[in-house]
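Chain naming follows the written order as A, B, C and D, and within any one chain the residues start at number 1.
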Amino acid sequence: MSTLASDTRVALAIARKDALAELRGRHATVSTLFFAAVVLLLFGFALGPDSARLAAAAPGLLWLAVVFAGVLAVNRLHLLETDDGALEQLALYPVARRAIYAGKALAGFAAMLLLGLLVLGAVGVLFAVDIASAWLPLLATVVLGALGVAAVGTFYAGVTVRLRAREVMLPLLMLPVLAPLLLGAVKATSAALAGDPFGELGAWLQLLVAFDVIMVVAGAATYGFLLED
Amino acid sequence: MMLWPTISAPQTSMPQTTIYVSPRSLGAHDSRPPAVVTTDLARLFAGNAALAGVSLRVDAGGVIALLGANGAGKTTLLRVLATAIRPSYGRAQVDGFDIDRDADIVRGRVAYLSHATGLYDDLTARENLRFAAAMLGTPDAAQRVERALFDVGLSDRAADPVRGFSAGMRKRLALGRILLGNASLVLLDEPYAALDADGLSLVDQLLVAWREVGVTVLVASHAADRLEPFLDGRVLLARGLVAGVEGQGVTSFPPSLPVARGSLTGVSP
Amino acid sequence: MKTRILGVVALAAIVAATFVALVVVPPDQNQGDAQRIMYPHVASAWLAYLSFGVTALAGIGWLWKRDLRFDAVAVSGAEIGVMFTAFAIWGGMMWGRPVWGVFWQWEDPRLTTTALLLALYVGYLLLRRLTDDPERRATRAAIVGLVAAVDIPIVHFSVEWWRGLHQTATIASPDKVLNPAAPMAFVGTLLGMLAAFTLAWAYLMVRRYQLARRELEREERGRIERIVEARSNPVPSEALR
Amino acid sequence: MTDAGYVIAAYGVILGGLGLYALALWRRLRGAARRDDDAA
């Protein structure tokens, strides 16, 4: 019974389980949030006291912090499955592989969305950037960006979960693929903050949507093979 | 509604309990396809042959012991049948379904108790089973979860996170998870390990209950004597091969020597 | 034997194309001789994409047919692809320095995306090395190769949009040379170099495939010997009791 | 470095690399072939 309804039910159950475990003990999101905050602060030091330059660089700093923290968050979410062979047990349930991917990606998306919104707030405060006026496009960008990082991250976490040098391989494989997302998100964010002077915001959001759709489809279609051992 | 089989469990300290084992749609006994058929099944790990060529047939219904020294291939055989790992060579069918092509169907019909329990430490016993019920699509999940917790004697620890559980309690919870399923083939890897007296008799009762409803049980164990009263047959493995079989519903065939391999270049020595 | 001929033809083609590119064709008015670097740079970039395309298709072949020969093609494509990607980056840097004064051209991020591609496929090769079971390795590599190949067009479009929307399009950006305005000689030379490089690519692919296949066969033979050895020596017939 | 220097550097590395890789492949192939002959 691998209908859409059962897939959704399974995916939601997995996401709920991850969220529960996350709140209960793992604190993946909280620790990665502080990591992102530290990264932002270091950017502040690195790019010097000139607040104008910091404000100009804010979109880039935001998304770099989100992407780097995202690598950690996704990795920790998959560590959850290495508890005593949990990933193997997950693969043994009679459920569609794409549902498992969807569940893990959903959990990743929730963590990344929370992370993205909080980092957006931090950037607004730290780099004196007016995020209130353009809240809708910024929200859309963060949602699309968070989904993209989660979709790609979940896929490559699946690739590397049983691998030896996993901590190195996950970012090495994941970050180059995220380049278009980073490009689009930063451009959309800066366009949104500047009030979309060139009217290019729509184009960048479309790029993000296209990226997310492609990566979710690719991940769902191939996740089954990754679970093979 | 079929009456659940009431079992007169052997005299143990456990209270007389009726273990709820979900009914199987049992056709006439012999019409069912064999529970397990393997043909030259082999699996290598980094070059050495954990399974070298197992050709086995196990008829449906009955408790079969899988015996053999450490490294004989017992666990590997169970993992391949459970679709946890793929075979390197050869083929296998469960209830007539190919474990590779029809893996989805096989996963619905097989329950597998592994050394690793696959439980989430941060979730409570009840939450772990609730999640398993959602994955297995267990009907009226809430009651079945409570019932399973009761049957494996963990009702009083239902709200405690599994992190603090002993190995024995984790194994009981893993058995509880199997009770939520509807498997026609149950694969148990060292079920008696780490269990206390009550736990041991729990496994005994489960074997009897499954046998009653016609479920096929393959038990890899060193406790051959304890299994004795429940067995319908035995399979002895040695160095990845079948050394001998015994029992009415169990037959084995010698592995074919030339290893035909479709993949790569059909290299066959 | 056929491969040897292909090798000789490829060698001749490359020597000829290089001679034309370095001596015969006139230098570019504003870029001077430095423009000659464009030919091997563009040829390498084209072959890098071609190689990764082959790897992706071979990956699909493995996932579909489960025949390790596809995996041999995939690893050949990836390894040769990484080499040509490195050449393309090197060419881009050598070309950028004299013409735009910088080794790393940020105005046009195509160089950067090619570098990301290099990282991705180095990751692919590392991933293969970290997996020892031939089937797992083939499956994992096939998927990573597939998603990486899917990522290439996305990177390309996002970069084109970035350049298109980017206000300060430089006059002498590489594209200007490829458009019809460029003298026919340049285009002809480039096509010649592309053909020569593609011949060389084909030769290297065939050789690398032969090597990969030999290695996979040796690995396979070892596995089968292990099994035949296990099956043929008598299993101790201990009593069942 | 004059422009010619960069041109030579570009062609040198790319064509040289191709040659070296072909050589390495040929050697590895010869090694593999000999190992297979011994094994056979």
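Here is the rule we use: a residue touches a chain if its C-beta (ideal position, glycine included) is under 8 Å from a C-beta of that chain, and two chains touch if they have at least 3 such contacts.
What you are looking at is a predicted structure, and each value in this text was computed from that prediction instead of being measured.
Participant: Can you name the chain whose C-alpha mean lies closest to the mean of all the C-alpha atoms?
Facilitator: A
Participant: Taking each chain's centre as the mean position of its Cα atoms, how many Å separate subunit B from subunit D?
Facilitator: Those two chain centres are 55 Å apart.
Participant: At what distance in angstrom does the C-alpha mean of subunit C lie from that of subunit A?
Facilitator: Here the centre of subunit C sits 30 Å away from the centre of subunit A.
Participant: If you average the Cα atoms of subunit C and of subunit D to get two centres, how far apart are those centres in Å?
Facilitator: Distance between chain centres, rounded to whole Å: 15 Å.
Participant: If you average the CA atoms of subunit A and of subunit D, how many Å lie between those two points?
Facilitator: Computed value for the inter-centroid distance: 42 Å.
Participant: Considering subunit C alone, which of its residues make contact with at least two other chains?
Facilitator: Within subunit C, residues 217, 221 contact more than one other chain.
Participant: Subunit B: which residues touch two or more other chains?
Facilitator: In subunit B, 86 touch at least two other chains.
Participant: Which positions in subunit D touch two or more other chains at once?
Facilitator: In subunit D, no residue touches at least two other chains, as defined above.
Participant: By the document's touch rule, what are all the touching chain pairs in this structure?
Facilitator: Per the contact definition above, the touching pairs are A-B, A-C, B-C, C-D.
Participant: Can you name the residues of subunit D that touch subunit C in the complex?
Facilitator: Counting only subunit D, the residues touching subunit C are 1, 3-4, 6-7, 9-11, 13-15, 17-18, 21-22, 25-26, 28-29, 32-33, 35-36, 39.
Participant: Considering the complex alone, what residue numbers of subunit B touch subunit C?
Facilitator: Going through subunit B, the ones touching subunit C are 42, 44-49, 52-53, 67, 86, 88-89, 234, 236, 238-246, 255, 257, 259, 261-265, 267-269.
Participant: Could you list, by residue number, the parts of subunit C that touch subunit D in their complex?
Facilitator: Within the complex, subunit C contacts subunit D at residues 7, 14, 18, 22, 32-34, 36-37, 40-41, 44, 80, 83, 86-87, 90-91, 94-95, 97-98, 200, 203-204, 207-208, 210-211, 214-215, 217-218, 221.
Participant: Show which residues of subunit C lie in contact with subunit A when the two form their complex.
Facilitator: Result: residues 63, 113, 116-117, 119-120, 122-124, 126-127, 130-131, 136, 139-140, 142-144, 146-148, 150-151, 154-155, 157-159, 161-162, 165 of subunit C touch subunit A.
Participant: List the residues on subunit B that touch subunit A in their complex, please.
Facilitator: The touching residues are 82-86, 104-105, 107-108, 110, 112, 114-123, 127, 131-132, 134-137, 161, 163, 170.
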